[in-house]
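Right, one structure below, let's go through it.
Think of it as A, B and C in the order they're written, each chain with its own count starting at 1.
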Amino acid sequence: MSTRSAPPSPATVHDRQAPAPPVGAPGVRRRRAAHRPAPSPDAERRRRLRARLVVAGFAYLIVFLVVLPILWIVLLSFQQSDQILSDPFSVRTLTLENYRDAIATLPLVQMYKNTIIIATAAVTIGTTVSFMVSFALTRMVFRRRGVQSALLLYFLAGLAVPVYVLLFPVYRLDLALGIFGTYAAVILPYAVVSIPFNTLLLTGFLRGMPGELEEAAIIDGAGLFRLCWSVVVPVMRPILATVVIFNVVYVFNEFPFVSVLINDPDLATISLAVSKFQGQYSVNYGGMMAAATLVLLPQLAIYAVLQRHVIAGLTAGAVKG
Amino acid sequence: MIWLSSRSRIAVMVLPALVLFTAFFAYPVLYGTGYSLTDAQGFSEPRLIGLDNYATLGDDPFFWLSLKNTVIILVVSVAFLVPASFALALLMQQRIRAAGALRALLFGPAIVAPILVGLVWVFILDPRVGLLNRLLVPLGIPEIQWIGGDSLTPYSIALVFSWASIGFAMTIFYAGLQQLPGDVMEASSLDGATRWQQLLHVTVPMMRETVGIVSILLVTNVFKIFELVYMLTGGGPVHRSETLVSYMYFVTFTSQRYGSGMAIAVVVLVLGALTSLAYLVLARRGRSA
Amino acid sequence: MPGYQPRRHGRRGLAAAAALAVALPLAACSEAGDTGQDGTTTITLSMQNADVKTADPATWAIVEAFESANPDIDVEVSGQPVSEHLQSLSIAAQSDTLPDIFWVYKSNAEEMLAGDRLLDLRPILQEQGVIEHLPATTVEHFTSGDTVFGVPYQGLLTGLWTNTKVLEDHGLAMPSTFDELLQVAEELDDDGVVTISNGASQSAFSVWQFLVWLDRFGFEDRMDGLLDGSESWDNPDFVRMYEHIAELRDAGAFSSNVATQTYQQAVDQFLQGDAAFLDAGVWAAGAIQDSDVAPHAAFWKGPTFADGVGEQNIIMNVASAPLAVAKKVGEDDAKLAAVERFLGFYYSDEAQQLMVDNGQPPVTTYEPTLEESEQSVLSAALDAASEDGVAAPATQPDLVFPVAVANAIYDSIYGVIQDQLTPTEAAALVQRALEAE
């Protein structure tokens, strides 16, 4: 399973964050020694130290490469516009001018407000209905099982549908419902588009979750709502957190729907505003990069705070799904 | 549980999602399919014309080109991303200082808006202003048309897609690795298996399901690539770098041929569904074997 | 009754979710409304630029002047890039939610008219005395039957902006025929200088000069046949036109990154003195005036062709795409009056002078005053348009076709420029689009 020198001990499998035992800890060495004729302990220790350094160096290099594009954008955002074309690597002539341009052009507060309103409503609706249907499809007893699995398939089939096929029809639907030109024009499609993925995660989690607690609650006389709210939801907190975070990220990043369904600049989300950068800044690359950074950094900062939940949630949901 | 499973309770739980999903998802798919059978375009009233739009697509070289590009991106992304993210997950399991932070950083690109990813990568791939050629040209390597040239654009889009997805895929693999039962792993190493043997014969087979999940997610995401093309090349030069979805957007909205555009959308839909289905079947067979 | 309680809760949860779903749109709805309580009337003007203020300063200036002269009318200007703009319009047309006044392609306006979505402007124009100030051909161009469905937004005067200093520095004379242009391109390419600056990225339509070439290869005579299907785009004359583009390309006339640079970057290239010609129109005059190129700027109608068809001494000086007014404006008297006043103002001498001040030729018969020292660039273009003996075609070729065909025309030209299509393939591409109509 790994190229690490020592075989994994149960402790490290369950807790990767635990501090690594010192290199060449006695227990580790002994186990190795039992299987292979050991070279001199000193040479072996050095060999392993070197291997570990190589592995770590490699990991840092990859991470650096992945982060590099973002660093590059941040560097450009401090560069004077004419420098970007002539000498972009120079750090002697950095300026805040681009940020002044960008802040003057961008309705940042409005963008964030719109996005947060839309995300809150869409994610609340999407998560609630997904949870309800997932619970029904995994826990409740249908008179006909076929209906149950057919319904699950029906929802999961949505995973394979590219949203682009929905754009035009949903627009017509929004109009027919009289919600075009309001936040709801995108809130409802966002909520619905999240149902397949949410259902995948939630049913996956529910299937792997032992039912004893629920049975105990039912024996105690709990009804459906109390069962869900006081017993199931608390246990599902991590996966629900994942669902919420994923859906929020989706709404923050979504472009095709919002570009068709929102035509009022006062209702524009962050993504929609970003798509206009190339038009607004045309050849003012510095301004464009500063605007991009102003959108990027808050998102990354929020992610930095919440990333543990995303990763923990994925562990529980996606893999078991 | 059977106590609470009355018809009405099931209805209460299922109906909200069912109604919303049917109204805003299933019905629009049918509606779009219906539109693909009409000559709807510009501002005039649509007329039913049967399968003509599909026949016209067959004669449209740009459609085949965009299909080819999509397949290239699909193959490159999956062939590269699945093993690479798996290897990365293995790497992240090593005892490395600040491994948690590294994993978080790797995942970072996955939360950046695709439209912003496209904008960022313009400044890396553009032949004239991009970082890549800025670094390569001084080394005596001639200017390479990463985007906008004849041939490289789909590969560059695959690269950008990989950049945005690798942390996500790695995280799922990593999570899968964490789930592996520790005793099996330990037993196999106590049996004297080398690390390679252990990887090939124990880890990989046990991870098969995760590989399936990652692949499905990546494949369906490839069929959704649009913003990257939109920002990087706008599909150019002359539609050489369109993907199915970006070409559909062009036909539908830029050229206002709604009927033809919906026909492409239906093709995308069918391809996406077939690929996902194939993976599901494979995954199920793998599980039961 | 243990089973009863939770069911109510479940319903309550549902009800709450439903209430939320209903309440949100309502909350967002309440901000709409046309006539404010203070008696101001709002009219919407929707344009084909993401940022009207900077990209279309002439329109912006006219709106500003109109609003300060009419404090009781509020003109709400919005804009998106051309393709998004048309997309919004087409969606809006089908749902009868069109903006009050909007920029639109002529072919689309005709389709909207057929769908009874457009207001007949004849009464308004007569009432405001505008019609006699517009050239008769322009009015005719935007008339269908008896209905005037559009008014000219701006004049479309296109050509090759020339940086004479680049030519002089390389010891070259101003070309006049295609063969001379080809020679210039070869010489400039040897010195590593771009001859004609173009940019295809997100601006596939920026091929104005080559649309004139179509007219120099007999487009006018074939136009009706092309529209009714009796003529083919794939004809020897047009193929010859594409072959000339290929010759220029092979001579190294175009920028190496013509595919990835945007139109804006192409303009920038010219303004930096890195190109001898810029394929653009009169709208670029302001930017050129503000640059170092201004003292050396000239305006050229483009090369003549020894193997061309028909009149060669022509310049593209036509009415551009129109402004149209939504039919439902006529149902609201306050709105109708406001729109009428706006259009009346738009074609007034004051507004036409504002256009000129912002680098646009007037669209009426108004004789503008030009500050020769400050508007040398614009007046170079206007002079070229009124040169003795020069003729103007009826319209720009792309403007008479549906958008899909227009796009194919652009693609065919950029396809040859970027060496993606052979001349015959290029002609066939457009023909295929014509047949799909």
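By definition in this document, a contact is a pair of C-beta atoms (placed from the backbone, for glycine too) under 8 Å apart; a residue touches a chain by one contact, two chains touch by 3 or more.
All values derive from a computational prediction rather than experimental measurement.
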Chain pair with the higher count of C-beta pairs in contact (A-C, A-B): A-B
Innermost chain by mean C-alpha position: B
Centroid spacing, where centroids are CA-atom means, of subunit B and subunit C in whole angstrom: 36
Distance between chain centroids, defined by C-alpha means - subunit A, subunit B (Å): 15
Euclidean distance of C-alpha centroids - subunit A vs subunit C, Å: 42
Interface hub residues of subunit C, defined as touching at least two other chains: 3, 6-7, 10, 17, 84, 87, 94, 202
Of all residues in subunit B, the ones touching two or more other chains: 3-4, 9, 12-13, 16
For subunit A, residues contacting two or more additional chains: 125, 128-129, 168, 172, 188, 223-224, 227, 278
Complex contact set, residues of subunit A against subunit C: 117, 121, 124-125, 128-129, 168, 171-172, 175, 179-185, 187-188, 221-227, 229, 259-260, 263, 265, 267, 276, 278-280, 282-283
Residue ranges of subunit A touching subunit B (in the complex, touch as defined): 1-4, 7-10, 13-14, 16-17, 20, 31, 35, 52, 55-56, 58-60, 62-63, 66-67, 69-70, 72-73, 76, 84-85, 88-89, 125, 128-130, 132-133, 135-137, 139-143, 151, 154-155, 157-170, 172-173, 188-189, 191-193, 195, 199, 211, 214-215, 218, 223-224, 227, 249, 252-253, 255-256, 270-271, 274-275, 277-278, 285, 288-289, 292, 295-296, 299-300, 303-304, 307, 310-311, 314-315, 318-319, 321
Subunit B - residues contacting subunit C, complex: 3-4, 6, 8-9, 12-13, 16, 41-45, 56, 59-60, 126-128, 143, 145, 147-150, 233-234, 236-240, 253-257, 260
Complex interface listing, subunit B residues touching subunit A: 1-5, 7, 9-10, 12-14, 16-18, 20-21, 23-29, 31-32, 35, 88, 90-97, 99-100, 102-109, 111-116, 119-121, 123-124, 129, 131, 134, 163, 166-167, 171-172, 174-180, 182-183, 185-186, 189-190, 192, 195, 198-199, 202-203, 209-210, 213, 216-217, 220, 223-224, 226-227, 231, 245, 248-249, 252, 258, 261-262, 265-266, 268-269, 272-273, 275-277
List of subunit C residues in touch with subunit B within their complex: 3, 6-7, 10-11, 14, 17, 83-84, 86-87, 89-90, 93-94, 107-108, 111-112, 114-115, 117, 200-202, 204, 256-257, 259-261, 402-404, 407, 411, 414-415, 418, 420-421, 432, 436
